[in-house]
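Letters A, B and C name the chains as they come in the text, with residue numbers starting at 1 for each one.
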Amino acid sequence: MSELALQRTRTRKPTRGHLLTTLGSRFLSANAILMFVFLYVPILVLIVFSFNKATVIEGGRVVAATIWKGFTLHWYEVLIRDARIIDSIKNTLTVAIISTLLSTILGTMAALVLERHDFRGKLWFDAVLYLPIIIPEVVMALSLILFFVLIRMPQAILSLSSAVSAISFLPASVVSWLARIVNVTPITIAHVAFNISFVAIVVRSRLGDFDITLEEAAKDLGANEWQTFRKVTLPLIMPGILAGALLAFTLSIDDFVITFFVSGPGSTTLPVRVFSMIRIGVTPEVNAISSAMLIASIGLVILSLFSERR
Amino acid sequence: MGKYVLSLMERMRRSKNVQVLGLLSPSAVYLLVFFLLPLVIVLLVSLGKRGPMGSVVYDWNLDNYTRFIDPIYFKIFVRSVWIATANTVLCLVFGYPFAYFIARRPKRWRNMLLLLVMVPFWTNFLVRTYAWMIILRDSGLINSLLMLTGIITEPLPLLFNQNAVIIGLFYGYLPFMVLPLYASIEKVDFSLVEAAQDLGANALTAFRRVVLPLTLPGIVAGAIITFIPSLGAYVTPDLLGGAKAMMIGNLLQQQFLEVRDWPFGSAVGFILMVTVLLATMVYFRTGGKTV
Amino acid sequence: MSEKIAVELRHVTKRFGDVVAVNDVSLQIRDGEFFSLLGPSGCGKTSTLRMVAGFEAPTEGDVYIHGQLMGLTPPFQRNTNMVFQAYALFPHMSVAKNVGFGLEMKKVPKKEISRRVEEALELVRLPGFGGRRPDQLSGGQQQRVALARALINRPEVLLLDEPLGSLDLKLRKEMQLELKSLQHRLGLTFVYVTHDQEEALTMSDRIAVMDQGKVLQVDTPTDIYERPSSRFVADFIGETNFLECTVLKWDGDYVELEVPGMAPMQGRSAKELASGDKVTVALRPEKISIQKEQPAAGGNCCQCTVESVVYIGTDTNYVVRLDSGQSVRVREQNIAPSLRVEVDEGAMAFVFWHPESALILPD
């Protein structure tokens, strides 16, 4: 640029256009900061106040106050000793592990077929696969209650549960776990129903990147279908499968609506238990368990990120 | 004979259909039995009538559906649509500049910022909604602060109304809106904006005439995936709305588990499902892509 | 090269829906031969190769390998190995594991596998590369690993699907010579697919030229080049000028042809030709000479106008226009500056060629 032109730009007054650009970027930054604050303040508030000493007696009950009175771990101690919470955590994990396993296997199989083959009725199956994600949880929950009642599931679970509890030739701890698995079966069934779709979607998107000539090369070198799958395909799509499994696990642990509707007595999961506690009232213990869940989720996310990075 | 069996096995092994059937049938059967069948049952029950003690009398009538048009119930439907729309608009208004901001950062910042947006999303929805109870209630954070500083003397009724529900939904669904918006904005070639400015458009006009139209697919996608789940919300209106801000999901639960009118509850559920499916089809018609 | 047949295709047709990719192809590939399938994209050469490998089954016809009918035998039961176009190296395995994969499938003991892997890597001039991973290798190195992975299994037939396509020119020429020498040393049968005619001419013992699913000519490189059997082959391989002529008379050996725009042309034809037959004569540019003055009598000669002169180092390419209006390409080797033909653009000149260079193509 010539000397003259340079001079002109330096001494030019800020134009309306220039102001607009600056204002625009100021606005954008301000909004972004506001949004981040908005996103994180509730979480921080929850965590901070779970350590709060102050309580207020409201209607004869201890209620958490939002005035800071001092740091305490008391509410977490109460939590650890709460038998119903411990029991619900065990139920939550049982459901999550079993449903993740089943839905990952079924979802991966479905993804493999959908990504690789064209067949009559593929469009229909695709639609059915995506439905659980679109349908509101309340509707799905409702449908499952009706279904379970119709096939007399509650009665079946009850009889199976007492039958299992009566087993004497196995150690008591094993028997109680078996009984637990039986009790949460309706919930497990429901979780698998919606998780198949999520796993299938995640695995399918990763499958798109898979190079099929690798399978041909393996076969050319003497590997039959099963050996090709085991030694070449599976190792390479494993990251996708694990991502799907992680998603299924997270969705299962966090699920509330479907679980709430479908669970019978004696098979409460953690979110359902927390909900009942909230219904009763905002207590410090609720704060504590909520914060614990928050920290656990965030921890899980960070963990999965580190494993991806590797 | 042996040769025939062998070649038959070869044909089967190669047969695409056998492979497809083998891999597909477990999930197909599972979804058929535990997903589709229950939904059909919902439809069937909705055509019945509530019998004594909460049982179902299969009458085959549309009474439950005509009952839904009754103002008491239809009002809830309208309210749900209104709340879902309000939530979507809020998410769009605040989410678009947010997504734009992130998309215009240097590359190495973008993923980190997106991650920060997603982290709250990965925590339990119930817990996050509960956090708003703490903030909005009479002895909650906002009221305590306002009273402490003497701005007000009586607590403001921030909780248990429609606005609280909207705030709660906005909090929950903001990340849902930001992601597709971000994806769309990021794809825009910003030398087009420079070209517009070179031709005389100021920043605002360039945005309005170049960036906005190009990011329209992202806007539509974000709007739909925010609106549809908001319609079927249950937890947020239940915890934050109380009796005054009942949405379809709550009506469903009430009729089903409290009033024990299964046929009517099923009808409500079926109406909700159909509404959602229609909205989804609109999305696909406007060229939306699957996930 | 023995007379034993390594690969035979009998009336093989392959259809994909409505598309006929391979149309009634019959081929016999001899043991120890370097056999190329040459043709433009979509001519069916890769589909043919894949049927030999076992990735596709013929819609009609049969594939035989060393006399055995292949039928529906899957690739992992055939004694062929393929070098893929994009190498298809397993990204999650080391080079050693990649190369040894075929032996692993045959349940060869581990110690022998590592010995033979090292041998194979030395064969392709990559000694000690066993511990590396495919993404750490250059294109040329990956290609050699793919080759080692196939050769280590001592296949009856090695199939190569345009393996040198993604290499740069210099590397490609090096690899062509290396592949040829490897094939010769090992005495294996190579079936090589390519669209690069120079590559096919360089390496092959015989070439099958394909177009639109059909095999047009199977011959040695010399015969393919000097005696193309059809217009397509003459055009696809090297450069050719085509002249439409009418037969005036044929004396059993030499033929006199009427050509628009010049005096009657002399050609040779072993095939019987009748007076009045319309034929196409193929004339390669390098077989035509050009000079300013009228050449001495004998041979075919024609007056022309020079349209362009392009110097490309080894040769000078001319485009001339005959009196009939037809353009003809001429190529003269630049032997020495003093011998260079001083013909300028726009000037008049004479082109001439030997009767034997005039190839009469069947219609």
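One rule holds for everything that comes next: a contact is a pair of C-beta atoms (placed from the backbone, for glycine too) under 8 Å apart; a residue touches a chain by one contact, two chains touch by 3 or more.
Computed from a predicted model, the values in this text were never measured in an experiment.
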Report the chain whose CA-based centre is farthest from the CA-based centre of subunit B. C
Pick out whichever of the two, A-C or A-B, is joined by more C-beta pairs in contact. A-B
Per the C-alpha centroid definition, the whole-Å distance linking subunit A and subunit C comes out as 59
If you average the CA atoms of subunit A and of subunit B, how many Å lie between those two points? 16
Where in subunit B do residues touch two or more other chains at once? 13
Subunit C residues touching 2+ other chains are 74
Can you list the residues on subunit A that touch subunit B in the complex? 16-17, 20-21, 24, 27-29, 31-32, 35-36, 38-43, 45-46, 49, 56, 58, 63-67, 105-107, 109-110, 112-113, 117, 119, 125, 128-140, 142-147, 150, 189-190, 192-193, 196, 200-201, 225, 250, 253-254, 256-257, 261, 271, 274-275, 278, 282, 286-287, 290, 293-294, 297-298, 300-301, 305
Interfacial residue positions of subunit C with respect to subunit A in the complex: 53-55, 74-76, 80-82, 84-86, 88-92, 101-102, 105-106, 149-150, 153
Listed in rising order, the residues of subunit A that touch subunit C in the complex are 211, 213-214, 216-224, 227, 231-232, 235-236
Could you pull out which subunit B residues touch subunit A in their complex? 13, 16-17, 19-20, 23-24, 26-28, 30-32, 34-39, 41-42, 45, 94-95, 97-98, 100-102, 104, 115-120, 122-128, 130-135, 137, 139-141, 144, 148, 171, 174, 197, 202-204, 207, 228-229, 231-232, 234-235, 239, 248-249, 252-253, 256-257, 262, 265-266, 269-270, 272-273, 276-277, 280, 290-291
